[in-house]
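Naming follows writing order (A, B, C, D and E), and every chain is counted from residue 1.
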Amino acid sequence: MNDRPLETPARRSPALGRDLIGLAAIIVAAGLGYLIFPDNLALLTRIIGIALLVLSLDLVTGYGGIATLGQAALFGSGAYAAGIASAHFGITNPLLMTLCGIAGGMFAGLICGFIILRAHGLPQLVLSIALIYLFHEVANKASGWTGGSDGLSGISTDALFGVFEFDLWGRTAYFFGVGLLLMVMVLLRLLVRSPFGMLCRGIKEDPIRIAAMGASPKVALIKMYVISGAVAGVGGALNAISTQVVGLDSLSFTQSAEALVMLVLGGTGSLFGALVGTVVFMLFEDYVSAANPFHWLTMVGALLILVVLFAPKGIYGTAAAYLSRRKEVR
Amino acid sequence: DTIKVGVVGPFSGPFALQGKNFKAGIDAYIATHGDKIGDDTIEIVYRDLPAADPAQSKALAQELVVKEGVQYLAGFYFTPDAMAVTPILKQANTPLVIMNAATSAIVTKSPLVVRTSFTTWQTSTPIAKVAHDAGVEKVISVVSDYGPGVDAENAFKAGFEKEGGSVVEAIRMPLSTNDFSPIMQRIKDSGAQAVFAFLPSGPTTLGFVKAYNENGLKDAGIKFFAPGDLTQESDLPALGDAALGIQTTFHYAVSHDSPENKAFVEAASKAIGNPAELSFPSVGAYDGMHVIYKMIEATGGEQDAEKAVEAVKGLSWVSPRGPVTIDPESRHITQNIYLREVTKADDGTYYNKEIQTFEKQGDPGLAAAK
Amino acid sequence: MQTFFSIAVDAIAYGMVLFVISIGLSVTMGLMRVVNLAHGAFAMIGGYIASYASRDLGLGYGVAVLIAIVGTVLISIPIERLLYRRIYGAPELTQVLMTIGITFCIIGIANYIFGPTLKTIPLPAELQGSTNLGFRSIASHRIFAIVCGLLVAGGLWYCIEKTAFGVKLRAAVDNAAMAAALGVRTEIIYAVSFAVAVGLAAFGGILGAELLPVEPYYALRYMVTFLVVVSVGGAGSIPGALIACLVLGGIDTTGRYLMPEFGEFFFYLAVIAIICIFPKGFAGRVR
Amino acid sequence: MPATPLDVENLSAGYGPTRVLEDISFSLPAGGRLALLGRNGMGKTTLLATLAGQTRRYDGRIRLGDVDVTPLSSAYRARQGLGYVPQARCVFPTLTVEENLFVGLKDRPKTDLQQAYDMFPRLFERRRNLGSQLSGGEQQMLTTARSILGRPSVLLLDEPLEGLAPVICDELMAAFSQLASTGDMTIVLVEQRIQSALDFADQVVVLERGRVAWSGTPKQLTADHDTVERLLGVGGLH
Amino acid sequence: MTPVFEVNGLKKAFSGLAVTNDVSLSMASGDRVALIGPNGAGKTTFVNLVTGHLRPDAGDVRLNGEVVTGINATGRVRRGLGRSFQVTRLFQDMTPAEHVGIAILQRDGRSGRMFGNFLSMPDVMEEATGLLSGLGLLDLMHRKVSEIAYGQQRLLEIAMALALRPKVLLLDEPAAGVPQSDTGRIERALADLPADLAVLMIEHDMDLVFRFAKRVIVLAAGTIIFDGLPSEVTKDARVREAYLGSYADASHAA
C-alpha cells in the first residue's frame, strides 16, 4: 500500500513515451515512403486516405465493438461532400474542402450510428450492409449531383496555402495527407485514452453493465460514430482532393469490406494496428497485382490466411503482445 | 529505345474475362506486327483495376506515367476510370487510347483521348431501325440502371421514335438483379410487341435470357432486341439454345468473315489460350495497338502527345471488324455496325451470325448530348 | 389478382432457391458460430464439379449432383482440418479475415483452372422447359427447387432439434469446453456439421445455378445476399431462414415488378426495417 | 492391488505462459472424499481444470484408474470416467434443461434422466426452460446433476454449493456422501464454506500459491489452528 | 418521511409462470435488509424489475417518492439506484482500476470527457485506490480482470457498485464464490457504507445475512412470506421448511 503514490506516474509515462515514439515512427515512415517511392506518391497518398478510413473503422469496431461492413458510407460521404463543394459550389480551397468532407462524414456517421445501433452482432452487420447499399443507390440516383456511375468529375483544387499546386507528381497531395494523418493521430490518441475512450471500451465488452452504471451506451456510441465520421470524412476529402474524381466505389460494400480486412489484418483496437494493416495490405496488393495482374488475388488470400494462423491478433496486435511479454520476462 | 505503354484494365475480379481479352488483343497485335517500330521496342506495362474505381485508376495512371515512364496510356474498361485519367493527360504529355469504355462524353474531356472501341449509342441506335423494319411499333425498354444502360435506353428511344415507333415503357433495373421473372411479367403486362434490353456482358445476361424463355415471352411472340453486349461470344456456350434467334447489333462478331479477322482470331485465340473466351474487348485492344503503333511511327518515338494524336486523326484502316476510321473531329472510331443473330453452327457451337451491315456509323451520342 | 398470384409464385420460387443455397450458411453461422464468408466459394466448387461432370464427362444430372456434393465435401475436409479448426471460437472478425482469405484463394484457383467464363449445368429433360400452372407458366426446375428446399428444411430441422447429434452440436457450440468435459468429442461433431454445411452449399450452388450462374467471382458476388438472408432469418434457425427467404424473396420480387428502378433501394430499406423490428432476426436463437 | 481412481504426480500447469500450479501430487482411494481448500486465487479452480484437461500442463502425470490420461483431451478423459462441475456455472444457455441433462447422459438411455429429477425436483418443473432462463441456483443444480448423470468414477466439484439455499445444500452434501460411500465414486470438492467441506471430507489438501501447503485429515486440520489461520485466513473451526 | 424506495403490487410472469406475484415493500434510508428465499423464488427477477432490466406486468417502483416504472435502467441508476450482478459482469480486458475509474467518472458526469487520462486525475485515482484497497484488490489494480480469480472478481463487482455512491443499493449474492476468509472484507465494506444508504442484499450465506441484516424478507414462489426481524425468521416454520433447513436447527442466529 505504500507504493500507491508511485503507482500513478509510473503508469503514465510509458504510455506517453509510446505515443511520442509512435508519432515519430509515422513521420519516419512517411519520410522513408517519400525516399523509397518518390515516383509513386499517388499510391502513398491513396494509402493515407484509406488509412484514415481504416482508423475511423477502428474507432467504431475496435473501440466501440460495433460490427460494420458499411464504413465506406462515411468515407464516401466525405469524399462526395468535398467533391460536390468544389464541382458545384466552387469551393476549391483544399482546407475548406477538407472541412466539407468532415461535415459530410459526420452527418453520415450520425445517420449510420442511429440506425446501426438498433441491433447487435450479425443483424447489426447486415444493417450496415443495407446502409452502404442505400447510400450507394442514393448516390447512383442523384446523378445530377454525383455524376452517378460515371463518377463525379470536374473537381478542381487551389494550390495549398496558395503556393503548393496539386500536380501530377503528387508531392503536395502527399505532404498534405501526411499532415492530416498526423493531426488525426494526435487527436485520436488523446481520445482513446480519455474517459470517453475508456467508456467505449467498456461498452464494447458489456453494454448492459455500462448501462447499469448509469451511462447510456447508445449515446456514447453515436458520439463515437460521429467522430468516426469526421475521421473518415478527412480521408474521403483527401481522396477527392488528390485524385479530383469521386466514384461510386468510394461508397461501396467492397470498399467497406476491404477496410475491415485491413483493420483486422493489422489488429483491432489499436490505432497503430489500423495503420499497419492498411500499409501492409495496400503495399502487398500493389506489389503482387503489378507483378501478376491476373492471379494476385490468390496471393492476397494466402496472406490473410497466414496472418490468421500465425498472428491471430493481427500483425501489430500480435507483435505488440509479443514485445510486451518479452518485457515482462525481462 | 524502349517505349512503354501502360494498360489499365480489369485483369482480376468479376470482369477478369474482359481484361483477359484486352491482353489477348494486344498480344495478338504484337505477335503479328512485331514489337519493333523503327528502332524502338514496345513494352506493355499492365495494371489491374478489378472494378470501376476512378481514384485508384488515377493513382495507377499517375504511377505509370511518373514511375514507369510510359509514353502512352491505354485500356480502360469502365467509363469512370477513363474519365478520371483525362485531367492528367496534358501534364503527363501522354495520349489516352481507350480500348473499351463506351460513354460518348469521354472523348470531350481531353483532346488527347482517342477511342478504338465503340459507344453504347453507336451500337444501340441501329437496332431501333431493325426493330421497326420487323414491323414492331410498340417496344418496352429494359436496361441495367447505370451509365451505359441509360445510354442504351436513350439511344434506342431516340432511334426508334425517329422511325415512328413508340417506347411504351422504360424500365431500369438494378445491376445486381438475379431473378428476372418479375421483369418478364412486367414486359408481358406492358402489351409491347418487343423488348429492347441492355445488360452488361457477363453472368446476369444468362438469367435474363433464360427468364425470357421460361416465362413464355418467346412463345408469346414477343421479340427480343439488344446491342451485342448481351450475346458476347464468351457467354454464348452458357446461354445455349436459350439465345437462339436473338438479334443484336454490334461492332464486332468473332465470326466476322474477312481475311483480317481470320488472322486476328487465330492470333488472339493463341494469346488467350481458350478460343471460347474470345470476345469484343480484344478487337478494341487490337485496334488500339494499331493506333499506338501509328502514333509512335509519326513521332519517331519522341514523347509528344499532341503530335501523336494529330497523326491518327482521320486514320483509316481495315480492322478485323471491317473498315474503320478515326473521326478527326471526335477522335472516336467510325465503323460498321452489324445486325447479328445467334445461330447454332454445324459443330454444335453457337455464334453471332452477321445478317446485315450498317455502314460507317459515327457516334450519335455526341450529337445527342449537344 | 392474377398479377398477385403471378408475383407470389415468382416470390416463392426465388425464395426457395435462396433458401437452398443459404441454409448451409445458417448452419455454420448459427450453430457452429463461424462467420463463414467462404460459403459461396463451396457452393461454387459444387457448381464447377457438377458442370464438369455433366458437360465434360457427359454424366447424368443425378450422378453429377452426387459427385459434386461428395467432391466438394472431400475438398473441404483438408480445409476444415487445417484452417477452420483454428478459428472455431475465435473472435468473429478473425473468422471474417480467414474465410475471406480462403474465398480469395478459391476464386483465384477456380479462375486459373476453369477460366473466367460462365459454366452451366445442363438440366435433364424433365426439368427443362416450363410447367403450366393454369394462369401462367413457371420453369420446371424452379418447382424442383421448391421441393428440394422443403425436403432440406424438414430434414435439417429434424436433425438439429430432435436427434442426439443435434443436441450435442448445440451444446458444443454453446460451450465447447464444457461439452468436452461431459465427454462430447467436439472435433468430430464440428467436422461432421461442417461437412453437412458444405454439402448443402454445394447442393444449393448446383440447384441455384440457373439463377446464379457459376463463374469464379460467384464466391464474392452473392456473399452479401447469403449473409442477409441468414441474418434476417436468425442464424441457426431453419424455420427462420425459410421465413426470411420467402419474405425477402417476396419483397424483392414485388419491388422489382412494381418499381424496378428502386428495387434495390426498397429491398435494403425493408431489410433495415425488418431488423429494427426483429433485432435478432425472425427467429434468432437466444444466446 | 487395484489402482487408485485418481493419482496425480508432480503436476505443474497454468494458462498460456502464466504458471499457476507447481509440483502437485496426491492420490485418492476408491470412494475417497478430498476437500481442496485455499484462499482466493490460490489455484483450486486451476487444479480441477487441469485434471479435466482444460488448461496448459507443463509437467507431471495424471492417472485415472489404470489409465494414464495425461495425453488425453478433455472429452476422452470424460469418457474415461471423469466428471467435472466447473465453478462458473456452465449450463448450455440455448439448450433446454432436459437437453442439458441429455448431454450429460453420454450415451445412456433417456430414462436415466429421472435420477437427476429425483435429486432436484425443481429441475423437473423447469425442464422445458432454456438454460439461460434459469435462476442462479437452478443453474448450479443443473450443472451438478448433469455431471452426476454421466456416472463418473471421479467427480471434481468446484464450489457446488455456491448460490444454493441452505436446505438444498444439506440435501446435496448428503447426496454426495451417499455417492462416495458406496465406493463407486471418488470426489474432489472445492468449497468456500470450510465447515461443510470438512464435515464431508476424509482427506484435506490446502493450496497456497499453487503448491500443496498442507495435507492431512479434517481432524488434524481442525486441531491445527495455526495452519487454519495462516492458510485459510479463518479464525478457528469447531 | 417518504421511503427512499418502494414497490407496490409488482407482478411478472414468464410465459404463464408467475415469478413475481404481487410484491410490495418499502425501505427507508439507512435500512439494511436481506432478501432470502429458495432457489428460483424470484429474487433476481425482483431485482431486475426494480432496476429496470425487466418490465413488470403490473405494479410500480418508486425512488424517493418518484415513480420510475417508466424510466429505463440507466435513468434509474442516475436517480441513485445501484446494483451488483449475481453472475459477475466485468470487462475482461480491463483492469480493476479502470473499472472503478469509469464508475467514478460516470458518477461525476465526467465519463464523456474526450481528453485527459483518468490515471492522471489525482482525485479519481485516490478514490479508486481507496476503494480497491478496502476490498483487498490493490495488488491487482492494474492486472486484467481475465487474469484474476473469481472471488476477487466478486469483490470488484461490489467496488464498482460502491463507486457509484447510490442511495439504494441492491446486492445480488455479493458473497457467492468469495471464500470465508474474504467474506470478512465484504462485511467490512458493507459496514463502512454511508449510514443513510438503503441496502437490500440477496444472499444464501446465512452467517453473513444474520450479521448484516436488521430486517429479513423471505420470498417464496414469488410471494413475500415473511418480513421481520432476523431473530424471528428462524422461528418461522414455513421459512424453516422451505429454506433454512438444518441451519435453523444449528441456530447460528444471534
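Here, a contact is a pair of C-beta atoms (placed from the backbone, for glycine too) under 8 Å apart; a residue touches a chain by one contact, two chains touch by 3 or more.
All figures in this text were calculated on a predicted structure; none of them were measured in a lab.
Asker: Just to be sure I understand the contacts, which chains border both chain E and chain D?
Answerer: Common contact partners of chain D and chain E, which must touch each of the two, are absent.
Asker: If we look at chain A and chain D, which chains touch each of them?
Answerer: Chains that touch both chain A and chain D, as defined above, are C, E.
Asker: Could you pull out the chain whose C-alpha mean position is farthest off from that of chain E?
Answerer: Centre of mass proxy via C-alpha means gives B as farthest from chain E.
Asker: With centres defined as the mean of C-alpha atoms, identify the chain lying farthest from chain A.
Answerer: Chain D.
Asker: Please tell me the distance, in whole Å, between the geometric centres of chain C and chain D computed from their C-alpha atoms.
Answerer: So the centroids are 43 Å from each other.
Asker: For chain B and chain D, what's the span in angstrom between their mean Cα positions?
Answerer: 74
Asker: Roughly how many whole angstrom separate the Cα centroids of chain B and chain C?
Answerer: 35
Asker: Could you tell me the distance, in whole angstrom, between the mean C-alpha positions of chain A and chain E?
Answerer: Spacing between the chain centres: roughly 42 Å.
Asker: Going by the touch rule set out above, which residues of chain E reach two or more other chains?
Answerer: Residues of chain E touching two or more partner chains: there are none.
Asker: Please output the residue numbers of chain C that touch at least 2 other chains, ranges allowed.
Answerer: 111, 264
Asker: Which chain pairs here would you call touching?
Answerer: Pairwise, the chains that meet the contact rule are A-B, A-C, A-E, B-C, C-D, D-E.
Asker: Using the touch rule from the top, collect the residues of chain A that touch chain C in their complex.
Answerer: Residues in contact with chain C: 61, 67, 115, 118-120, 122-123, 125-127, 129-131, 133-134, 137-138, 141, 253, 257, 260-261, 263-265, 268, 295-305, 307-309, 312.
Asker: Once bound in the complex, which stretches of chain B touch chain C?
Answerer: 12-14, 16-17, 20, 145, 171-174, 176-179, 181-183, 185-186, 189, 202-203, 206-207, 210, 214-216, 234-235, 237-238, 240, 273-274, 276-277
Asker: Please give the residue numbers of chain B that touch chain A in the complex, ascending.
Answerer: 11-13, 16, 19-20, 46-48, 51-56, 58-59, 62-63, 65-67, 79-80, 83-84, 86-88, 91-92, 103, 105, 109, 145-147, 174
Asker: Taking the touch rule as given, give the residues of chain A at its contact with chain B in the complex, in rising order.
Answerer: By the definition above, chain A touches chain B via 37, 39-43, 45-46, 49, 137, 140, 147-151, 153, 167-170, 239, 243-250, 254, 289-290, 293-297.
Asker: Residues of chain E touching chain D in their complex?
Answerer: It comes out as residues 14, 36-45, 86-87, 147-152, 173, 176-182, 184, 204-206, 241-247.
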